[in-house]
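Two complexes follow with chain A in common, the first pairing it with chain B and the second with chain C.
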Partner chain A sequence: MSQQTIEQLKPQVKTAIVDLLYRLADDHLILGHRNSEWTGLGPILEADIAFSSMAQDKMGHALAFYRLLQQLGEPDPDTNAFLRSGDQYRCCSLVCLERGDWAQSVVRHFLFDEATRIRFEALEQSRYEPLAQVARKLRGELKYHTMHGQMNLDKLGDATEESHQRMQDALDRLFPHAMGVFEPTEWDETLAAEGIQPREAELCKTWRSQVADMCAESGLTMPDDVGPIYGGRAGKHPEDLKKLLDDMQKVYRLDPDSEW
Partner chain B sequence: MTDTQWPVFEVFHQQARGEPHVHVGSIHAPDAQMALVLAKEQYARRMACVNLWVVSAEAILATDYEDADIFDHGTDKSYRESTGYQTTKRAKAIGDTAEI
Partner chain C sequence: MPSDADQMIEQRTSDTDRVWTALENVKDPEIPLISVVELGVIPEVRIEDGRVTVRMCPTFAGCPALDVMREDIRKAILAEGFGAVQVDVVFDPPWSTDRITPEGRRKLKEFGLAPPAKCNGSVTGDMLDQVVCPYCDSDRTTLESIFGPTLCRAIHYCNSCRQSFEQFKPV
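Then we have the complex of A and B:
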């Protein structure tokens, strides 16, 4: 099968791609917003700047996916980001949770970016060419994000007794949510059959085995007897998201028609 | 003032292969690996960059500014300046820009 362009998409395939793009875009937007909350509050200046800069990158990656959605007839990026209610969002619970302490944010960043790396490696081969192009374009920035995540896991995993404990606590708490990144949807089979993206379960398996190795190397234990927390892909989110959206959308909603 | 933070690393930035690494500033980090990762966002997020070095500030041995007079030229040393050679022009003409 050759690569697919927008004009050639069958309606069912288009719906599946739109759903996938909303999941990708919303994950990146919400995590970008969450991580930006550290701006000015990071543990040291250097860590603050790096984390804030990566948060901006995530917003940029979200924008790339919202633009793909716009090409498929969905609303423009600003409307999507600022005028949808929580139940219209398709992000996973991992990105919704409040930022917690530095360990929680660093572990979330590590778990999410490893998941994204594995997904993007697959998406680079996607038969939906616009999506494959975006995955290839973002490869370098994501590579840095994973370097930063792995480095922090490695250092804080066994720096001191306290740092180890905080990192392990974060891992124990966040792991079920991180598995929720790979929540299966009704579109899994269509996306896999059309060569657009492998099944979520398949991506999750690769991620689990690689993340387990990285945790072990950092002196941490990946929980292996817990189940995933699902719901985000169906629009069911923790209460944390509502507060985030109230905050993020407040100014835009004062006057949606104003020119920025 | 005593520095109570992490050790200091000096950061050197290379804009293109073959160009010299230029000192752009310093960074606090617990070790060299972390310094390299953090230096990327401090010093290479806007400028073009192909390579970064970090060097422990402690590894640098420097002259004292009070000895800066050792660099003074007390007598005419213009004979040491390599101006006036035709070869400089010729080297430029053939484009001495091979990558190192």
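Then we have the complex of A and C:
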């Protein structure tokens, strides 16, 4: 099958791609904002710099996806980021949750970035060429995030009894939310049939088996008898997102026309 | 006497040369020694009826210097007397540090940044662990942090000259 350009998209396929792009863009924007909450507060300088850099990267990745949306006739990136209400967001609950302790942020970053790596690897083959190009471009940048995530999982997984316990607790707490990254939508079949992206269940399976191995190597146990927490892809979010959006959108909403 | 067609081709070539020369004077705002051409972010320049279109591949997607670079490129070409300039940000080809020219790599070192190892699109831990110090050329160095003061830099320590130094990260 050949690649698809914007002009050739059937309406139903276009709707499916738009929905996928909102999920990707919103996940990156919200996690970027959460990562930035460590700026100036990281437990050591190196950690502070890492989370601030990753925040900036995630915002850049979100922007790349919002630009693809704009090409498909959706609003411009600023309008999308700053003028939508919570129920219009399509992010998963994992990225919405509050910053929590250091273990929560490190484990979230590890789980999310491994999920993103597996998704991007698949998207590099997407028949929707603009999306495949973005995935190929972001691969190298994401590599630093997954390296950082794995390094910290290794370091904190069995450093001390307390660090191990905090990491395991965070893993137990966050795992159902992390499975929610792969919440299937009504567009799952269309996207798979058109060669845009594999089914969510398929991506989730790959992710689970790789994450289980990495956890084991770090002395942690991946929970395997819990169910996923869904809702984010349908616009149902934890309270945490409302507070984040109030904070993030406050300045922009004062005067949307001002120049920065 | 040259034909009209020959003259047109000649004119077009010299216009293209002028654009590339202008681009060689547009520097990376974060590393003012190195030009956007040496950085490898300009895969293509097109000129049609006096309208210049420049394709530019972003280095790091979240790099705040991108907008500055884009505006600097536009101004530099307008200053050459072209009527209209458009700078398109494109992801194809995907930018990689492998696109930095040999001259660009030399200038990175001169600036005090260790040049990135060639990575063919996939970075490995070795490329970050085995970095030669840009100050004293020693390979007795230690990786301190894969994230640095800007998105494109990692931090290392040289055990020979006992200084911290930064590396332009391979991507």
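Convention: the second predicted complex is superposed on the first by the 260 of 260 C-alpha atoms of A that agree within 3 Å, B and C clash if a C-alpha of one lies under 4 Å from a C-alpha of the other, contacts with A are read in each partner's own complex, and residues count from 1 in each chain.
By definition in this document, contacts are C-beta pairs under 8 Å (C-beta built on N, C-alpha and C of every residue); 3 or more make two chains touch, one makes a residue touch a chain.
Predicted model, so just to flag it, every value in this text is computed and none were measured.
The superposed arrangement places chain B and chain C in clashing positions on chain A. In the superposed model, A:Ile44 lies in contact with chain B only, and not with chain C.
Once the two complexes are laid over each other on the shared chain, residue contacts for A:Met147 go to chain B and to chain C alike. Using the contact criterion defined above for the overlaid structures, shared-chain residue A:Arg90 touches neither chain B nor chain C, since it reaches no partner.
Legend: residue contacts after superposition of the two complexes on their common chain; A:Arg23 is shown touching neither chain B nor chain C. Legend: residue contacts after superposition of the two complexes on their common chain; A:Arg166 is shown touching neither chain B nor chain C. In the superposition on chain A, A:Ser53 makes contact with both chain B and chain C.
After overlaying the two complexes on the shared chain, residue contacts for A:His33 are found with neither chain B nor chain C. Taken together, the two complexes place residues 46, 49-50, 53-54, 144, 147-148 of chain A in contact with chain B and also with chain C.
Contacts from chain A toward chain C in the complex involve residues 46, 49-50, 52-54, 56-61, 63-64, 130, 133-134, 136-141, 143-144, 147-148.
Of all residues in chain C, only 57-58, 60-64, 91-92, 94-96, 119, 121-123, 125, 144-149, 151, 169, 171 touch chain A in the complex they form. Chain contact summary for the complex, chain B toward chain A: residues 5-6, 27-31, 33-34, 37-38, 40-42, 45. Residues 44-47, 49-50, 53-54, 144, 147-148, 151, 155, 159 of chain A touch chain B in their complex.
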